[in-house]
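Encoded as structure tokens, the structure appears first; notes follow it.
By written order: A, B, C, D and E. Residues from 1 in each chain.
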Amino acid sequence: MIFGIFGKKSLPLVVLFLVGLIFMPYVAPRFYIYLVSAMLVTGLLATSLNLVLGYGGMYQFHHAVFYGVGAYTTALMLTKTSLPTWVAFVSAPLVAAFFGLVIGLICARLSSLHFGMLQISLGSLLWVIVYRWYDFTGGDDGIHGISMPAVISGTTPAYYFILAITALCLLLMFIVIKSPFGRILQALRDNPERCAAIGVNVIRHRILALVVAALFAGVAGSLFVTLEGSVFPDLLFWTLSLEILIMCLLGGWFTFFGPMLGACLIISLRTFAGNYTEYLTLILGLMMMLTIFFLPKGVLGFVNDLFRTRFPGQSLEESSHAPDKISTKII
Amino acid sequence: MLDVREINTYYGLSHILFDVSLSVHKGEIVCLLGRNGAGKSTTMKSIMGLTPPKQGEITLKGDRVTGCPPYQMCRRGVGFVPDDRRVFADLSVGENLEISARPCQGSDGWDKERVYGFFPALSALDRRRAGVLSGGEQQMLTIGRALITNPDLLLLDEPTEGLAPIIVEMLEEKILELKASGLSVLLAEQNQNVALRLSDRAYIIDNGHIRYQGSIEELRQDEAVRQKYLLV
Amino acid sequence: MKTSLRFFCFAALVCCSLLTVSSAFAAKTIKVGIVDTYSGPASTYTNDVRDAFALAAGKINAAGGIFGQQLEFITRDSKFKVDLGLSAAKELVMREEVDILMGTINSSLALAISNFAKQEKIPFLVTFAKSAKITGEKGHRYVFSMNENTAMIGKAAAAGLAKKPYTRYWIAGDDYEYGHAVADAVWENLKQLKPEVKLLGKSWWKVGEPDFTPYITAMLAEKPDAVIIATGGRDCVPFLKAAQATGFNTQVPFYMHTGTEVSTLKPLGLSAPEGVIGTANYHSYYPDTVENRAFVAEFEKAYGRTPAVGALYGYIAAQFISEAYAKAGEVDTEKFIDALEGLSVDSPVGQVTMRAEDHQVMLPMFMGVTTKAAGKSVLVARDIVTISATEAMPSLDAIRKARQN
Amino acid sequence: MELFPSLSFSVLCIQILVGLSKATILFIVASGLTLILGVLRIPNLAHGSLYMIGAFTTYSIATAFSQSNLGFWVALLLAPLVVALIGLIMEQGLFRFLYKRDHLMMLLFTFSFTLVFADLVKLVWGSDYRSLAVPKIFQGSYLLLGMPFPRYNLFLLLLGPLFAAGLWYLTNRTLLGKISRAAAVDREMVGAVGVNVNLVYAAVFVLGCYLAGIGGALVAPTQNISQGMDHSIIIEIFLIVIIGGLGNVWGALLGAVIFGLTDAIGILVAPQFGIVFPYLAVITVLTFRPKGLLKSIW
Amino acid sequence: MLQIKSLRKSFDGFQAVKDANLSVNQGEVVAVIGPNGAGKTTLFNLVSGQLRPDAGSVLFKGEDIRGLSPYQLCRKGMSRSFQIVKIFSRMSVFENVQTAVISRMGKTSNFFTPAGGIAVKETERILEAMGLSGKRDRICGLLSHGDQKVLEMAISLGSDPQLLILDEPTAGMSSEETATTIDLMKRLSGEMGLTILFCEHDVELVFSFSDRIMVMQQGSTIIQGTPDQVRNDPQVKKAYLGGHD
């Protein structure tokens, strides 16, 4: 389930893929290296969201906040202070995680939709602050021309840096999901009440999950700075959050690599379809509708189901949601 | 009136009803006895179309009604009183009745006044929120709500459950009164005393199978069956 | 709808002809990549830039191109989003291998692309983004601005307002970079030109504010002599509407950049408020010269609408490109830039020069007051005062100082 | 310097009135959203798009009838119906099949609608700004306490209570209202008393869309009709609905008033940070009452 | 072990529990019976911390536990199952139980050890005891209702409780399943010395193996006593058993 397609058999596949990515700059044109870098960064962001969304079952509606916070932290550290570069990269996830903690403390006790909406509210507040604190964040103009040390500047070096960090983060996230903490997280998604009844402090774990997700989103943010050399308030805007939600859904939000796949699909669509049509959002919207209608588990989830034939024709959704329906009725 | 033939009902993967068959004739009270969890409520819901059976056939007044959605069942003349009452808690008693009212074909149809006449206790509560009523009052309301749809067949799912003995007695009287007016009733009960007092015929359901069927007299004499499927 | 359809047909034709020509002669083309906002409210402005550029490019190509090389352009929609625009710019440079980047109404995106252009050593011609930072603080060898910026708006407006009798001012505007920059620039310059002016206070609203009535009533309460409205883009229209509804324009005179410009006034039709003091780089009816009339006629013929200010920027961008290459003598980026510095072209508003030092085009500014004109469905500007480019340009000292920081 | 030196009584009063007239629009749109949320349990992000379509349709109809003075009024009548029709198609064509999905799916599904509608609006109306003149009888402004107050805002101000009363009547006095209140809590049982719940759902959805359309039609004369209207309103109305209590029409009213007033008064107190105030109000409310001020149906 | 005195709880004007009294001693099996709607589930929810009582006292091992959250109570040694099954439906049977064991071991904040290898023996032991070994790797959302019920009990055991609260453990089970479950409960109390508090409709089952029985009606305790005392109590006969006229 976690590995995506073939269970543990997919490990060689992943390794093969990784090797391919490592050798890619020797064969592919520069633009594609850039494109893959962008996919990796966005994919990392989407995967970090999926940590709380798909695995934690939390309605994280405004994940981009942490991405933005990470990006801004790196950018501000690099432009406003003379601290070494690595400090900027290390502090980004930490600051993002701190914001995750604060927002988590405020939101975590609310239920599903309220949780998401309060998060949007808090995130919008943060966006407003970034948007108009000209002296500090550069306001709506953002900060541009952030220079990176030579080792990681330029398309190919940046690519390798991003690839290495993304791979490391994915591995870490994978370990986290496989860890007892990750297990409890999934348990929380499936049944928070039962979780409480086996001695899990639900709120504390939700906050913790949010902090971890924010941490990785912060990493993605600082990688964005490496890639683009710019930060701007759009990074914290709520529409971006919904876009990455879509990536998770499209790729398959109950799979580990689904969000990465979703990010790749949407970025390629945006890049290549954008050459032919102005009406990109229309296409994206229609694609989303079709996905929701016919592939509610996303592309990878669908592929997964194809290979898992233990219960053909039986949707888990139906049976597991029946009790929920009853419980809402009683309350 | 109602004929249920070999229905099988599932909740998700769980098979709840196994080839359940029963019938209710015009003007009689038929009771479906069984312990909690035996499948009484599921049978009721399957007839009503709330949990449509996967196999089997239901006919009502000669029409095949298998798979009809609940609202059509109601319009075809089936009134449903669920075991957990399910009054519309946010609405007043009067409103509960108003939204359920259906015009009837005959002359002496049920309307709000007649329901209030039938259950005088309710008329004083017209504007009270249904959610704050006592159990007995809620039960009267659910029965009233079913009656105002002008049914020919009433599905009563454990109407006496959890109620004080006085109210149970009162309800029993009312149910007999309804029977006298020509209504058919399918009554699900786990309290065999009530069932034995009210019904003409009985089915016993256990674990989703109909284990016994017969007249009330037969059942009353058959201590063994009652011991096995019903009580202590 | 119709116009865009017509544009598509036109563009398709251009592309087809380009294709046949290029295949026939197997000649290299000069590729310009335009990244701009083509969806959302800002596209009102950007469509004119693109269309006028296409018009000029068509003329250039019809006249044989640039030493026989066709001028070709590709557009990408940034949807007013910096990340999309930036990656589109990268795609244009890396994949399409364009020779020149152009575009963006979004200052933030312009700054981001400018930074990228600097790294890639690709000339970037800014059309419409008004941040003074582009050619000021963040200016460099590869970025050129084809339009006025906030510093110029400030100087021009101050020059015009200083001649008016008002002393007690209120400032209000969009709470984002553009609004603040314009407000500050106008006020700094106005104070220098007319030291007795007094600022009563400021108020700011969010971009996209739907209802300005509360702000207007609040301002009226302070009874200023005049108000400087530092708002841009789509907020101009609802503000003017609110001004009309509250009678603000009849009670207090107010200045608004682009307040007399057709993009702003057209949606309002005849219900636009009269008496608004505005500045603009371009009017289709002013200056009433042969060149301008010819340009307007061509544009109207091609697209069926009156050119607005964006058309000027797009048009001169094409002119600058072709003449700079002509002057450089070959297709070479560095020589192109050298040639472009200090280059003058004959634009619809007269001769305009690209200032060599900061790569800021020197455009004159027209200050006027809105009024209804007979036979026109849109308000026009009257009492137009031309503020020459030299009067409006930020001083080179200021530029040098900004770039040092 | 940034503050208004003279925060006089009359200014305050006018601000409050303006805030309330703004709240009217927010209330009308938010009540539609909250109805759909309460009864159908769809967190309909496309509500903002429907509002935008309402405004554009109003523009088109009003311009088509611009010869007569009644252009706007005809549009006010027809445009919401057009939006309601779109709503009907959405509900019957798509949403109907998705009621069993969880809320996140629904949310994303409606979000994909916002994407589609954004481009459809661009296809149909192009990307120019549109602006509609205020109808003749409401042009200009009244002097209230020495301050000008636009007549149209007064009109909106009067409409607010009218709509509130109308919705009260609808939900408490009409059969549809009563049924939808019952269906919000127990859909199955409503079916079991003989009500075709699918029809009720469709009706409520259409009604909600109609309200979005009315909101769009009513703002058309006061502001720019442009793409992006959907984005700016949807978050606001969602927050309104959340602080009021999901599915509660009175909550929507209360939330809208809070939003309108904090916004208008925020401008007076700290103009630069006026925008922050409504968000702060939301955070405060949700910190102390996580389920909103009034009873939430969820 | 557990003492409940005049516990009260009302929802929105409706008194679900009016006056509930109950005591459970170490090692006992105590049943709560009463008609539907008598307040049994509410009472359990009050005890295990899902709800907060309006008045009255709940003592667990001599300690007042009102206001403690379910997870705190679980850590104090109280574990429960639910009437409507609450399981982790996307996980396998093994993982479900293992999760509870992990939680009990206090390893919930461990980020880096793979969870798959933790507490395998103990989990397997519980699965074995509950007869679920054969279904170890099945996704539990797809199990039959009866199996889910048993799994629910297994999860509760994963928390290694001293007091096990079971809300209708056999509801919806087939007769074979019911028999196995009763067997299980007997073994749990007999071999492992667990204290069990449960509510049940199947009166036969209740009388067959409870040490003491508490009868509830309309939110109040009618009587608590041994099966014989309860069987012969006239009030109970009338209210619940229906008796024989």
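In the analysis below, contacts are C-beta pairs under 8 Å (C-beta built on N, C-alpha and C of every residue); 3 or more make two chains touch, one makes a residue touch a chain.
Please read these numbers as outputs of a predicted model, since none were measured by experiment.
Considering the contact criterion stated above, the chains in touch with subunit D and with subunit E alike are A, B.
Set against one another, C-D and A-D show the most C-beta pairs in contact at C-D.
Taking each chain's centre as the mean of its C-alpha atoms, subunit B lies 44 Å from subunit D. Taking each chain's centre as the average of its CA atoms, subunit A and subunit E sit 40 Å apart.
Remark: subunit A and subunit B have CA centroids separated by 52 Å (rounded to whole angstrom). Taking the mean of the C-alpha atoms as each chain's centre, subunit A and subunit C sit 38 Å apart.
Multi-chain contact residues, meaning those touching two or more other chains, occur in subunit B at positions 11, 13, 84, 86.
Listed for subunit A are residues 132, 278, 280-281, 314, 319-320, 329, each touching two or more other chains. Residues of subunit C in contact with at least two other chains: 38-39, 175. Subunit B makes touch with subunit E in their complex at residues 11, 13-16, 35-37, 83-84, 131-132, 135, 158, 161-162, 164-165, 190-194, 206-207, 231-232.
Taken in their complex, subunit A has these residues touching subunit D: 53, 59, 106, 109-114, 117-118, 120-122, 124-125, 128, 132, 238-239, 242, 245-246, 249, 278-282, 284-289, 292-293, 296, 317, 321, 329. Here subunit E touches subunit A in the complex through residues 48-50, 69-71, 74-75, 79-80, 82, 84-91, 95, 98-100, 102-104, 107-116, 118, 138-139, 141-142, 155-156, 158-159, going by the rule given at the top.
Contact residues of subunit D toward subunit A in the complex are 43, 94, 97-98, 100-105, 108-109, 111-120, 122-123, 186, 188, 231, 235, 238-239, 242, 246, 272, 275-276, 279-280, 282-283, 286-287, 290-292, 298. The residues of subunit C lying in touch with subunit D in their complex are 1, 3-4, 38-41, 43-44, 47, 175, 199-206, 208, 210-211, 213-218, 220-222, 234-235, 237-238, 241-242, 245-248, 251, 266-269, 271.
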